[in-house]
Structure formats: C-alpha cells, structure tokens
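Look for chain A in each of the two complexes below; its partner is chain B in the first and chain C in the second.
Our next item is the complex of A and B:
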C-alpha cells in the first residue's frame, strides 16, 4: 500500500504524505527491536552477551550449537503445542459451523434464550472461571492432560466463533439454501456444500485466531499441566528461564523456534486472514 | 408428470416481533392437470410465491392439503417431493462451475457418474450452455444464468416444475426470448409446470390456463382467451389485457322497452342503449350502481354526428407502431381506445368515439361480479 499521493506538491501536502511513514516506521522499530535482540542474542554465549549486548557478534563467533540445544530442549513442547492447537482449532471451527448454521437458519422455541445465554458468556472474563474450571477438570480427571486444554479451548472459543459465523451465514442468500434443499441436500450437506465453501475466508480467519490463541496460551497449561513431557510452549518457555544454567543464547534460540511455526503459518495464510477480516468488516 | 391438487390451502405467517399474524393464502382450491402449464398471476403480495413455496415444501402448510400425483405431500420434505424449482434470482451456487451447478442435485442423489454427465450434457445442449460448462456463475450474463437455473431443474427430471418469476431480472428482449424457450421446453418435456409471474403478458402467452390471485384468494382460473373475453369480475377484467379494460361507472336505467346505461358525470353524460345481450342480465342491476367494461379495441372513432358517437378530447396519443393508444377524455371520464396507426391525433384535438357494446361487459359495482 502506498500513502495517498497529494496532487498539490505544497509543503503541507508533502508533510502529510511523509508523516504516516514516519509513524509506521516508529511503530515497526518498536515492534521489531525485541525480535532483533532475540535473534542476535541467540547466536551468542553469555560472555559475549554481557560483553556486547546490543550489536550482533562477528560471524566467526556465532554459536550455532545454541540452536541445536534449543531444538532438543523445546522440541517436545512444540510437538505438544502443535497437537493441542491443531486439534483444538479443527474441533472448534467444525463445531462452530454446526452451531452457527443452526442459529442462523432456524428459530425454534428457546433458541433466542439460548443465544442470549451464549452472548452473556462473552461478557464474562475468562480468568474469573479459572478456579471453578480447575475443580471441574479435576472432577473429570482431566487434570494434567492435553485433552483438557483442547476441550476448554474448544468450549471457550465457541462464543466468539458463533457470534461471527452466525451473522455471516445469515447474510448468505436464503435462496441458495432453498435451492440446495430442493436439490436434495440435508443439513450436513448444505453445510458442506454451501456454508463451508462460501465462508472459506471467514472460517480461515477464525481458524487462525483459534490457532494463535492456543499457541500463545499460558495460564491454563500452567495451572493444569504438571508433567514436563506434557508442557506446551507457553509454560515450557518460562521454565527455561532459571532451572538451567542460564544461557541467554540458548533461551533466545528456543524462543525463535517457538515463533517459527507461527511465522510460517502466517506467511501462507496472511492473505486469507486479511480477506476474512475485511469481509467481516464490510458486511453489515 | 403428475397432477397437483391444492385443497383449502391456507398459509398464516405467525406473529413475529411487532407484526401481527398474517394470512397470505386464504383457503385456495386449484387443480393443475398432468402436463399442464399453469400460470399464477396477480399483483405483488397476493400470495403467489407463498403458494408456490408451499407446493415446493419450502413453506409449511397452515391448513388444507397439497397432493402431487396420488400422494398428499404436506409433511414430505422438499427433496422427496420430486419437484424442481427455478428461483427469481437464479440462486446458482456461486462457488461451483456451471457443470457442478447442474450436477449437484444428481450427485446428491447418487446417480452414476456417466448418467450425470449424460444428463448434464443433454440439458446443456438443449439450453445452449455447452460452451459454458466450466464457467462460474459470476462470469455469465443474466440470460445465461437463467438458463443454468432452468437446466438445474431439467436434469433432475422432476414430476413438477415450479417457476417463481424467473424472467423478472432480465431485460425486455431477453425476457421475450426466454419466454418462448420455456414454452418450447414445456412442449418438449410435457411436464407439469406451475409458473408464477405478475406480468400479465407472460401469463397470457405462456399459460395453458391462468390462475388470477388477489389478496390470498383465487379470483378466476381459465384459459387465456377465456380470461380475456369473459373475466369473472372487475379485478380480473382490469388486470388482464394491456392497455387495461376501460371501466365506465354509472347505472342501468329503464327507458320505454329497453335499458340504457347512463354513465356518471352529470349533464350531457354518456347514455348508451344496451344491446339485447346486455339488456336482459342488466335487469338485475336496475337502479343500482353498475360498471360498464369496454376493451380499448372495442372503442371506435366515428365521424362526428354518427349514431352512438360520443365527443371526446385526445389527452394523449401513444403510437405503438402497428397501432396507437388514444387516451380520450369525455364527460364520462377518461378511457383508452386502440386505433389504427394511420392517422396522427394531436393532443387536444376533438374526436368522436363509439362503443361496440356487443362484446362489452356489465359488472355489479357493489360485488364487482360480471353479469354479462
């Protein structure tokens, strides 16, 4: 995107054109500085770090072994997180589509009340639920399992997903569903052949958001998970700090690995993501 | 192919929010014969679509029954009724190609692939879609989309076809073309078709029979010419025909041994001696308000002073090419005459009009029913 080009080459016009770039540049700088630090420290040992914290080490002194160490260290965490995030996202979006389809297309007695209840859930701060949730999971013998993370994530994410998807599905032309009904499609087939293909970008957006949420989740795994081999990244990473001889370079390398899957995901889905967001915004 | 029978069909939309319950279809009875092309016509909001959607199964029946063939289908799901519907705005699946649109219903019915391909190809050939099969609906013109929508119905080979104003989104020329195409399709498939429109020209040209509806009721079911020549009431008389029938309000008055129609309009108002065909039934109207219905082609221009001649002023002349519609003002009100295009009539010029009463109709103004 380029800044709007002013047709009048006046000084004020030029300033107006430059200013957004300056602001954006400043924001980027602030955003990228920690990333820069992470990356350059990841190639140093502690001595080099203390000696020269701000600038990258000379190439010859780069400690590649940090990365190998980090990979071994957090590899299992990454695997756990991928498992939780992928399973949770798939279940979450699939269930949301079913629910939203129901709410969007049918008015049964009680569905209005049900909907309101759902929306009230959105107003509750999740953290307020933590203690009851813990008790519940304990009763269900789900403490210290990855399934607990998945189940809680799927249940918790539904409210927002339903809210977005219901409106989206309601905006799809009713005729399409009726035509499909005449063509012989039952509910599941209408979902599969009409809803899903037509809301692909919004589903993609919701999936990415669900995935991000799972990936960055911290509090719940911290409370629920006890065994180190079950740790997800959120908890795993903070335990890196302190329990081992603190090698900053290794920790930073681990952080880089933790971010890598997200970066890859984003590179492939960014267009979809933006499209979905703007679609949601323009529809009204 | 199958007969469709509606018996005492009622549709009441329940109250919702601050709108009260509304009865859109008020107990209609209609039999559509096997292989017949039945047109439902009427003004906007008269319940045509609602009726059609009940037949399709998209709208629940409040009371009464619908039979397709020998089966009462009130509780049968749309997909099990063996009917196909063409929607006003086509309702093509935007993410599927033309081929997939046509094949969708067949795939869901688990027809073998080769059979699906054959049927789609046949329909595409019939409708001139063969070159467009790979396109998405968004890359089609309105007329082409309409053909795809029709094709989607054809491939299913249903017992009954339902059309809900399928041509109303097309431009005038395309509409005429599609009209003949659908008529040809009907001749070729011989299937029962129910066609909803609010365009009376479409109704007249396409229907084997026409069912005129108003405010949720059926006013008349008849063949097009019958409907035109013998409308059951004022509404049908005014709705069918373009330009519409002229209505002169007045009363039937007895004078000597004959009966006259005296139009409202005070001194010098039109007074017409009713011919024998009208005079006899007019007896019932004596002393009551009546409406005389005269089609525009039954109004002739005559020389001034000719018997039955009635002086008028030309308010507006609409040359149509082969003929001209003259809007004439007289003491009896404004009426339209359909005259030959040869002579040009200037606005404001004075002419003399005579009514050909042999084919005119008398209506009771109170009940609006035709008496003759």
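Our next item is the complex of A and C:
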C-alpha cells in the first residue's frame, strides 16, 4: 500500500479499510446501471417494462423477437459503421506512422515549418469547419458516401496521432536504426521492422481511441448521409429515437447490437488499453 | 539528438518527404481548405449553392445584434461551470483507488471502470434521455418512490415558488424550459469518465511510499495529503483536461442537438453558439451567416487557447 494507515487494527480501522470499497462499489454500480437497463429491458415489451421496470423479466417471458427485430433494423448500420471505423482507423494510424517517422528520424530542411502546419490545427476548432466541409464534400461528390466519413476522419486524426507517435519514435534507441541502415535497410523497411514492432502498444491504444471515436460519431454522418442503406450507427440511432411510438425493448436490443463490436474489441484489447492509459502512454 | 540533414543530403533523401505528403494532403484538403472557405464565405450571403452575394461586414453586424447568439454564450458559460464541477468526482475516485492497499483491487477497479465504455456514447445519451422521460423515465420513478417528488413540490410551493413542480403532473425534465439547465447539470451523474480516471491514476503512480510516510510523520491527515501530495502530481493532467473541457464545451452542440432538438429545446434554453451555427446553416439555410458565427466562435476559442498557453505550460 502506498498510504499506510497508522491506526491500530480495531473497529475504526476495519471501517476505514472497507469504506473506500463501499464508495467505489456504489459508483461502479451507477456506472453499470445503463448497461444493466439496456440488457434487461431488451427482453421485455412495453407492457412488461411498465409493470416491472427494475428487475429482469422471468425467463419464460423473455421476448427473443425483440432481438431478431433489432438485428434486422440495425444490422446494416452496424456493418456500415464497422467498415468506416476499420478503414478509417487503419488509414489514419498508417499515415500517421509514416508522417511521424519523417519528423522523428531526421531534421530535414522545412520539417519545422511542416510540423507547425500540423500543430496549428490543434488550435483550430473543428466546429467552424462543418459548414464549408459540407459544401466541399458536395463539390467532391462525396456527399452521401461512406468515403467522406473515412476521409474526414483520417484527416482529423492526423494531428493527435502524429504528436503522440513522433514523441514515441524519437525515444526509440537510435542504434537500432543505425544498425538497420548499415544492413542496407530502406526507410520503409525500418518502419516495418523497427518502428511498428516496438511501438505496438502505443499503436494499439491509438487505434482503439480512433475506432471509438469513429464508432461514436454522429454529427458528420447526420449532415452528409441521406440514403437509409448508407446510414452508420450514429444516424441510425437518431432516426430510431425519432419514432413516435417507441418499443423500448426493441430499441434496447438495438442498442445492444450497437455495443457488440465494442464488446468484442474490448475483450481482446482490454489489458492493453488499461495498461497503455495507466502507464501514461497518452498524456492528456 | 537526431541528425540534422544538410540541403545536399536532403536532396539525396528526397523520398523522405513523400512520407509526410499523405498526411499533409489530407489535412490541407479537409482542415485548411474548409477553414479558409469559412473565412471567405462569412462575407457573403450564401445559401450553400453556387449563388452568393458579397455583403461585406453585414453578417458580422448582424452578429452584434443577435440576441439568441448572446444568450447562447450565457448558456454555454453556465455549462462550462457545470462541467468544471463535474471534473471533481473523477479526480476523487482516482485518489480513492490509488490509496487502496492491494494492487489487485486497484487493477480490478481500473478494469471495471473500462467495462461501461463498451456502451457507445450515443447509446448512453439515448438511455439518459430515456431516464429523463416524464412517464416511463427512471428519474421520475425514483423520485416518486423515495418521496423526492413530494419534497420538490413542497419546496416549490412553500419556499422557492418556482412554479415548476406540481403534485399530479409528471416532471418534464426536457420539456419544461426551467428544467432544461438543471437536467443538463444532472446529465451523466456521477460524472465519471473512465479515461480521465485512468490518466489521473497514471499520474498518481509516480508517488513513492516514502512521501506518504514522511507526510504521516508530520501528522498530515488524509485531506492534507490530497492537497499537498496527490493534487500537485496530477495538476498537469487536470489542467490539460480543464483546457480541453472548456474548448469542447464551448464548441459542443451534439448533446443539445440530440436531447433538445435543433432549436435548443423549449424556450431555447439549451441553445449554445455551436447549435445556433448548426441551426442557421442546416435549418435556416443561411450558410454565410453560419460561417460568421463559426468565425466568432473560432476567435473566442483561439483567444482562450492563447491565454491558456500564457498561463499554463503543458509539458510533452
């Protein structure tokens, strides 16, 4: 323990030891509450929910058809979002690795200027851009396409990813690069065999953050997507919320499907994510 | 130090520049161009199509007399205050977890904090909206069951005379103008962001046991430890979060758009400058004016960032 308690082990001492757990536990309960509601309401119809909002319905009354309905409703949106999020994340991180390598390895003439070109964008609030971005996409005839979401997302992620990766690559041991150069490795090979393997955890954390960002995006899709078959989750859920008569069970089941890919993602990357953030891999 | 290449060497290594070109092209197209276009179009009357008319500073003159806009700055100032207050629980929770004896519990709690992140933000948002529902919502049911409603009605009738809470009418958290801002304050209770807590914990980990022991010898209590030992160590992260929070609140409007609609809810009580820009562009079709609103917002944020850079130094 980092903060030793000097009290003698008595009733007060035991209370002091248990109290933090009670407080943390209570907070966690509240944090888990939306998740719990989502899962249990997904098995009810509206009547059952009004009768008994808090506890799960008895197994015999479970409304499995909610899930079937929700899958048909939201499945295509989930598929679109997976496509956008995966493509966007891969491109975003890949471009940032190349760019960060350029900035981290050498100081070339002009690299200072280029660096500030990127960093200035940290100050530029994205909001002022939305309106002209919309017309730009219209002119590029990217309106109502998923590629627009990918492209804008990749551009938006560059600054942060470059910033984090540049610092990281600069801290890698120089001898590795020099040795590789002796062996005649080109820059691309150095990236493939040194940078990528050595920065795996940071790349993973950046990728998860990028993926989450894409997954939660709704403003841009809301403005640029028109066709129902192109909807990503963001727009899909908003339209679902706009229905007049809501079947909460079906809606909650749809929410569960919306969370499913994230559950899969976290199952595989939880340790990495907790570790990466806890070690201060990303400062701020 | 990494090698600096001379012009001659750089010419030989010209291929290196290709590495940065893709990022640069993306950023130039989707960040710089729209920004420039926003500046340009703020001087025009423009419906978003090909037709536009140069009107000089008329859009900016209109800004000065736009009552909705100035009210929205008041609202957003209040929202920033709310959000600053909402930073506190995450800091306290991080300290609480950090002070636990066993490493195993610390890890378990960290992991458990991440689990709710599997619920997409938008879904969390809609579930909260559902909690606020007057008839089916959880909040009203809790208040009914615990007698909180009776208390609120009593306070309303006898003490404060708000004219907001009535015995037989379900509380319309998102439909009564007076309740919009209180609802936005309640939103997200207990206001804990897992990523924030993990980042604070990372900062706290650098405290050695001997620091605590020394403090103990000096008779520093748990509250003293927080202010003398723990808070100073995470101050960098707290400041950084503070800055990001102010900027994102100032330009944010997604929450308001989804909870309250594009007019900022009943009475426009939830209208923020960002939402007003969105509203002008995509509801009213006044793209030129929306660009001017965006420019104003941009200037305000730039000013804040500049002040922040002068006052707060953020280390890499």
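Structural remarks
Keep in mind that, in the parts below, the second predicted complex is superposed on the first by the 256 of 284 C-alpha atoms of A that agree within 3 Å, B and C clash if a C-alpha of one lies under 4 Å from a C-alpha of the other, contacts with A are read in each partner's own complex, and residues count from 1 in each chain.
What we mean here is this: contacts are C-beta pairs under 8 Å (C-beta built on N, C-alpha and C of every residue); 3 or more make two chains touch, one makes a residue touch a chain.
Note that this is a predicted model, so its numbers are computed, not measured.
With both complexes brought onto chain A, simultaneous placement of chain B and chain C is permitted, the two fitting side by side without a clash.
By the touch criterion defined above, A:101 reaches chain C but does not reach chain B. Set against each other, chain B and chain C differ in how many residues of chain A they touch, and the higher count belongs to C.
Judged by the touch definition given at the top, the superposed model places A:112 against neither chain B nor chain C. Applying the stated contact rule after C-alpha superposition, one finds that A:193 touches chain B and leaves chain C untouched. By the touch criterion stated above, A:184 is placed in contact with chain B alone, chain C being left untouched.
Of the two partner chains placed by the overlay, neither chain B nor chain C lies in contact with A:75.
In the overlay built on the shared chain, the residue A:173 is in contact with chain B alone; chain C does not reach it.
Least inter-chain distance for chain B and chain C in the combined superposition, rounded to the nearest angstrom, is 7, based on C-alpha atoms.
With the contact threshold set out at the top, not one residue of chain A is in contact with chain B in one structure and with chain C in the other.
Remark: chain A residues 173, 175-176, 178-186, 189, 193-194, 197-198 touch chain B in the complex. Looking at the complex, you find that chain B touches chain A at residues 56, 58, 77-79, 83-85, 87, 89, 91-95, 104-105, 108-109, 152, 156.
Looking at the complex, you find that chain A touches chain C at residues 1-4, 6, 17, 20-21, 23-24, 27-28, 30-32, 34-35, 37-38, 49-50, 53, 95-96, 98-99, 101-109, 114, 117-118, 121, 123-136, 151-152, 154-156, 158-159, 162, 167, 170, 174, 187, 212, 215-216, 218-219, 223, 233-234, 237-238, 241, 248, 251, 255, 258-259, 262-263, 266, 270, 273-274, 277-280, 282-284.
Listed in rising order, the residues of chain C touching chain A in the complex are 2-5, 7, 10, 13, 15-17, 19-20, 22-24, 26-27, 29-35, 37-38, 41, 48, 89, 93, 96-102, 105, 107, 109-124, 126-130, 136, 138, 141, 189-190, 192, 195, 198-199, 201-203, 205, 207-209, 212-213, 216, 225, 236-237, 240-241, 244, 247, 250-251, 253-254, 257-258, 274, 277-278, 281-282, 287, 290-291, 294-295, 297-298, 301-302, 305, 314-316.
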